[in-house]
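Step one of this worksheet: look at the structure below.
Read from first to last, the chains carry the letters A, B, C and D; within each, the first residue is number 1.
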Amino acid sequence: MRSVGHLLVRPAQSGDLAAIERLAGGSTPRLTNLPAHRDRLEERIARSNRSLAHNVDFPGDELYTFVLEDRDLGEIVGTASIRAQAGAQDAYYTYRQETLIHASQQLNLRHEVQTLSLSHEMSEVSLLCALSLDSRYRGTSAATLLRRARLMFIAQYPERFAETLGVAFPGYLDEAGGSPFWDSVGRHFFEQGYHEINLLAGVRSKSFIAEVMPQFPLYLPLLTPQARAAIGREHPAHEPALQEMLAEGFVRSRHVDIFDAGPVVRAERQRLHTLTHCGWHPVRIRPAASLPDAEPAMVANQQLADFRCTVARYALTPTGQLLLSEEQAALLGVEEGRAVLVAPLALPNVEDALDEGEL
Amino acid sequence: MRSVGHLLVRPAQSGDLAAIERLAGGSTPRLTNLPAHRDRLEERIARSNRSLAHNVDFPGDELYTFVLEDRDLGEIVGTASIRAQAGAQDAYYTYRQETLIHASQQLNLRHEVQTLSLSHEMSEVSLLCALSLDSRYRGTSAATLLRRARLMFIAQYPERFAETLGVAFPGYLDEAGGSPFWDSVGRHFFEQGYHEINLLAGVRSKSFIAEVMPQFPLYLPLLTPQARAAIGREHPAHEPALQEMLAEGFVRSRHVDIFDAGPVVRAERQRLHTLTHCGWHPVRIRPAASLPDAEPAMVANQQLADFRCTVARYALTPTGQLLLSEEQAALLGVEEGRAVLVAPLALPNVEDALDEGEL
Amino acid sequence: MRLRPIGHHDIDELQALAQETGVGFTSLPNSREFLAAKIANAVAAFEGRVPEQERLYFFVLEDEQSGELAGCCAIEAEVGRETPFYHYRVGKLAHSSVQLDLHRTIDTLFLSSDHTGDAEVASLFLRPAYRRDRNGTLLSKARWLFMAEFRECFPAKVLAEMRGVFSPDGVSPFWESLGSHFFPMEFKQADQLTGLGQKSFIGELMPKYPIYTPFLPQAARECIGQVHEHTRPALEMLKKEGLRWEGYIDIFDGGPTVEAYIDDVRAIRHSSCVTVEVSGDSLAQPERPGWMAATTGMSDFRCSWIGRGPSEDGVIALTTVEAERLGVTSGDALRVLES
Amino acid sequence: MRLRPIGHHDIDELQALAQETGVGFTSLPNSREFLAAKIANAVAAFEGRVPEQERLYFFVLEDEQSGELAGCCAIEAEVGRETPFYHYRVGKLAHSSVQLDLHRTIDTLFLSSDHTGDAEVASLFLRPAYRRDRNGTLLSKARWLFMAEFRECFPAKVLAEMRGVFSPDGVSPFWESLGSHFFPMEFKQADQLTGLGQKSFIGELMPKYPIYTPFLPQAARECIGQVHEHTRPALEMLKKEGLRWEGYIDIFDGGPTVEAYIDDVRAIRHSSCVTVEVSGDSLAQPERPGWMAATTGMSDFRCSWIGRGPSEDGVIALTTVEAERLGVTSGDALRVLES
C-alpha cells in the first residue's frame, strides 16, 4: 500500500492525455463513458477546461474531468469526472424497475409482475462518472480521495450542479466477461456483443443506441434467469466503491443501466456525509515533523480552475486553524491564513437499502 | 371557534354509524373512499374492529377507522382512516408524472414531452384517507387532531404499517363541481361524469374502474389545458390540510389521483415531525385549575383497540411527568403513573417542494 | 346426411357429441345445463328472436335415417359484442438509427380487439365414425351457403380461429413461454374458462404492453401463427376459400386466426340460386358428390350433397330422396355450389 | 401518348414537371441534383442493375409526337428496406369490466412498420393540360400491367398512400392536434424532409406509445383515414382494383393507406397475354379507348391505349401507329387489359 501523502486531485490538463488514455484502457471493466480513444479523450479534457472557464449559474452541458496525481512518482494514476447534467443534450436513458399488480376478481387472485421501463428521469441529475484508478492504488485512501474529491468540488460550486447527484456503477459481467443482461435484452436489437456495443457507445453516444432499444416496458419473466439476476448488481471490482458511496449517503434507486443493468445510486446533496460534514478552516503552516496525529481528512483549496484536493491529517489548533506542512500547503497552492475546505475521510457504517423514499 | 378541551379521537364503533354516514354525506368534495352508503360504512367499521382485534406482524389488508368525538356535545364530529397497505387486495392505481426527452440528431433539437403513466407503485404504502370533519370545526386544532392522531397511532404500532406513508388529497374541481381532469381523461372511457363515477367507485371499487382506464401512458399535450392545469392541484377546501401535511414532513410525489389528478404526498415515517418529536411521559394528575400554561400537544394512551388521543397542554413536571387534569386522564382512560405518548401540536414552517429524492 | 339448425330435441345427442369432443374443444363442455342454454340461444337466433349481431347459429349434421347426430358447426354473427375478444397481433416495429447505420424491424405482439364485430365460423366437430363421404366438407362449407343466403345478417369480415401447436404430451410451447408467466394456472384451466365464456380474467391478468418476440424462446416463436398437425386440413380448406392469416394469433397457444371479407369468400362468390325440379329416382348418383345444395329459409335451413349440378338455365334436377332430405319440392329455390 | 421508363435525357422535362407539381407532392422536389439521382436510380432499376427489393421503377407518360412529358408515376418494389417506413395503425382495444357491466372498444393509433417489404404505387402526377383522353387512367393502371408482367420482382402486397384532409388554407387538423405536439416545426417542413428521404427525425421525435383517439379533437378524429377532396377520384380508381383501407394512416396528415394482395388486384387478375398482328391503319378507332396494352420487356416497357380488344384466339390487331407507339411488330407478345 502506497503512502497517500503526496496525492492530489486536480482538473485534467491537455498534458494528461496519454496518462488518461492508459487509465481508460486499463479500467475493469471498460467504461462506456471513458473510451480508450485519444480523440474522444482529448475532447473531454478540452470540454472540461471550457466548463471551468465559463461562468455557470445553473447546471447544463458541462463536464468536469479530474486526475489523481502521485507527486512522489510524478505520475497520473487516476481519473474521474462529473457531468453537470446527465442528459443535458440527449436524454440519459435508464431502465426503471417497476411492479405491476394484475388482480383478477374473477379468480380472486393477485399476481405481481416486474417490469423494466425505459426512463429519462435521471437526465436532470449531476452524474459522478468515468472513474479509473491505477490498480496499485486500489483499496487505499487514494481510491477514496479520487471518488470523493468530486464532492469537495461540488460543495464549493453548488450552482454548477443539480440538487440530486447520481452514480452509475458498472454492472455484473460473467466469468467470460459477457453481460448476461445485454445478452438477454440489447442483443436482440443489435448484432454486437456487450464489449463491442460498449466501445461503440463510447465513440458514438449511448443515447443513439438507446433509441434502438425497445421502447415499451420489458416483462422480467421473459428475460433469462441470468439476466434477471444481474439487474441492479454491480461488477465485483466495483463493490468497494459502491459500498463507500452507500456509506457516503447515496441510496440505491429503481434505475439501472440500459446495457448491463448495473445499479444507479443517487442522493440529494444535503444528505451526503461529505457535504454535511465539511467545514472551512484557515491554514496554519507548521513544520511537518511537529504536526500532531489526527484522523485523515480531505482538504481542498478554493480555486475553481486550479482546484486541488489532497489528504491530510485533520489537526486543528484550538481556534480551529488547520495545521498543514509547508509541502501540503504548496501542494494545495495555499498560503497561511487562506481558508480551505476540510471533510473527514472516514464514513459512518454502510446502510445498503433501497430508497423507500422513491415510492 | 369551539374549545378543544374535550375532543377525543378513538376507533369507530358500530354505534357511530349514523354519525359517520352524516359526515360522509357532508364532505367537500365527496370522497371516493368514504361513500355515504350505510352498508359500506358498516362494513368499514366492522373491518376496522377486526383489524384492531387481530395480531398483526406486518401491514396487510387492515383498515383502521377513527372518529373525532366532542364530549361536550356528545357528538361525533369527524372521521378519518388508515389503510395499512394502499393496495393490499387490488392494486392502488395512481398516475405518475414523467418526462420523456425526444432528441433529434438530424434536426439538432431536444423536445421534452410530459406523460402520465398508470402506476401501481403506491400500492405498498400505508394510506391516511377518508377524512371528513364537521364544518364547524374547520381551521381549529380539532382538524389538526383528527388528521394527526393517526400518526400517534402509527407511532405506537409501527409493525402494522409500511415504512412509507401516503396521503391522497381530493383534486381540483371547477366552479360547477366538475373535474376538468376527469372530463378530459376518464370520461372517454366511461359514460359517467366525475360525481357519478366517484359514487360508483365508493360503492364498487376504484380498482375495478382503473382497469378500464387507458393502460398506456397519456401524452399531456393531448389533454385539455384545463385538465393539465388540474394535475397535482388540490381541491381548495383541502388546501390547509395539504399545507399542514407538508409541514408535517410529507412531500409531493410524482403521483396523482387517477380520477381527479389530486396530489399524492408521501414520506418515510422517520421524516415526519410527529414521529420524530413524540415522547413518552408518565401521567401526573393535578387539579385542572392548577395546571400551568404550556404549548398544546397531542396526547395518546397506549391501548390498541381502546386508543384515545386528545389535545392537552404540554406541561411537564421537572422530572418529565405530564400534568393532566382528572378529566383529561379520564378522557384518555389512564391513571397516574401510566405513560402516554405526547407530541407538540405546532409544526415547523412549511416547505412545499417536489421531492427531489424521487428522481 | 344433412345439415340443419339445432333443435331442443337434440339435447341428448348433443351431450353425447360433447362427451366425444374431448379436451381442447372448449366450446362444448360436457354440461347438460350449458348445452341446453346453448341450444335455446341457437333456436332463438334461427327464429330471429335475438338481435342480428348477438346471434350464434349452431348447426348439426344429422344422419336423417338413423336420426343420429354426426357432427356440429357454428357461426357467430359478431364476436366481441358482449365480452371482449382478444388476440395478439404480430406487428412490425422499426428499430433504426441513421447514426449507427442500423435498420431492423422487430416482430412485436400487440394485444388487440380488432376483430370485434366480425363474424366467426367455429365449433366444427365431426364424429370419427362419420369422417367419410365428404361429410367434413359439407359441415364446413354449408356455413358459407348460409352466409351467402343471409348476407345482410353478417358484417364485412369473417374469421376462424385455428388450434395452435402442442407437443405430443399436450404442452403448448407458446403458453409455457408467455401465458404461464401471467396466468397462474394450467393451460387447460385457462382454456376451459374461455370455452365457458368466463373470460374476464383474461383482461385482468394478461400483459397490456407489447411483447417483443425476440424475447421468447425459439420453440415459442416457432408456434406463432402455426397450427396443430390435426388442424392442418381444416386450415387448408379455409385457405382455399380465400381466408388468410393476417397476423392475428390466439393469446394462449399462438395459433393463427384466418380471415376474409365475406364477399371475397370463394364459396360465397361462386354459389348460385337455382330452381328445383324433382325428377323421381332415376337420376344417376356419382361415386363422389361434387355439388352442394342449401335451402333458402333460416329456421328450416337444410344443406346436403346432391348428385349433380344445375342446367344452364338454372334448374336443378333432384331425386325424390334428395328433395325430401332438403325438404323442397319442384319450383322451390335452392342455393348450389360446386365443390 | 405512351408510358415508358424514365431516361437520362428526361431531366429537363422532369424538372419542368417538378416545378408544376407544387406543394404537397414531396417526392419530386425542384432540385436538379435530386432529380438526376432519381433518374439514375430508376434507369439502374429498369436495367436490373439494382437488387430487386431496392428498385424504384419510375415511369413517364410522354406525348410521343411533341416529345413532351405529360406526367409520371412510380412503383417502389419494397418499401422500408433502407429507411424505416412508419404508419399509424387504427386498432381496437377492449376496455371492459364484468363487475361494472361495461364493455367498449376504443380506437387506438399504434405506431407500426407493418408495411415494411410491401410494394408501393406512388408519385402519380399528370399535367393539367393532359387531364383528358383517359390519360390519368393510363398512367395509373399501366403500373398494374407492369407488375403483372414482372410479378416475380414484387412481394405479396402492394399499397398506395393517399393525401389526407386539409382545410382550404392548407392546414391539416390531424397534424395540428397530434403531430405538432411532437414535431416542433410546420407541417410543410416535416412533409418536405420526408419527401427528400430525410426521415430519421420521425423515429427520433414521434410518440412511441399508442394514441387513444378519443383524446384527439373531433376535427382531427374526422381526418383519420379520410382523403383530400382532390384525391377522391384516385382513391376510387384504386378501390375499383380491389385496394382497401385496412386501418393504416399517414402519421402526419392521417390520410389512408390502401392496400391489396398483388394477386388480387383486378387489373392483374384480368390482364391477358396476346400476340400482335399489325393490320395497317384501316382499323376503326373508338371515341373512347377501352383497351390498354403493354409490352413485355422491362427496360423498354411501353404502355398505351389501343383501339380494340383481342380476338378469341388471343390475337390483337394493331394499327401501324399503335404498333410504332408500343415498339412492336407482328408476332410480338403484348399484355392487354380491358378498362
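Here is the rule we use: a residue touches a chain if its C-beta (ideal position, glycine included) is under 8 Å from a C-beta of that chain, and two chains touch if they have at least 3 such contacts.
Note that the coordinates shown come from a computational prediction; the quantities given were computed from them, not determined experimentally.
Student: Hey, which pair has more contacts between C-betas, B-C or A-C?
Tutor: A-C
Student: Computing the C-alpha centre of each chain, which chain sits at the greatest distance from chain B?
Tutor: D
Student: Taking each chain's centre as the mean of its CA atoms, how far is chain C from chain D in angstrom?
Tutor: 37
Student: Quick one: report the Å distance separating chain B from chain C, using the average Cα coordinate of each chain.
Tutor: The separation of the two C-alpha centroids amounts to 55 Å.
Student: Report the inter-chain centroid distance for chain A and chain B in whole angstrom, where each centroid is the mean of the CA atoms.
Tutor: Going by mean C-alpha positions, chain A sits 39 Å from chain B.
Student: Please compute the C-alpha centroid of chain A, do the same for chain C, then give the distance between them in whole Å.
Tutor: Taking the mean C-alpha position of each chain, the two centres sit 62 Å apart.
Student: Specify, in ascending order, the residues of chain D that touch 2 or more different other chains.
Tutor: Within chain D, residues 96-99, 200, 203-204, 209 contact more than one other chain.
Student: Do you know which chain B residues sit against two or more other chains?
Tutor: 102-103, 105-106, 208, 211, 216
Student: Looking at the complex, which residues from chain C come into contact with chain A?
Tutor: Going through chain C, the ones touching chain A are 95-97, 99-100, 102, 104, 106, 177-178, 181-182, 184-185, 198, 200-201, 204-207, 209-212, 214-216.
Student: If you look only at chain D, which of its residues touch chain A in the complex?
Tutor: Against chain A, the touching part of chain D is residues 98-99, 203-204, 208-209.
Student: Which of the residues in chain A end up touching chain C in this complex?
Tutor: Touching chain C: residues 102-107, 109, 111, 113, 115, 184, 188-190, 200, 204-205, 208-209, 211-214, 216-219, 221-223 of chain A.
Student: For a test of understanding, state which residues of chain A touch chain D in their complex under the given definition.
Tutor: 105-106, 211, 215-216
Student: Would you tell me which residues of chain B are touching chain A in their complex?
Tutor: 87, 89-91, 98-103, 105, 110, 117, 119-125, 163-164, 166, 207-208, 253, 266, 268, 355-359
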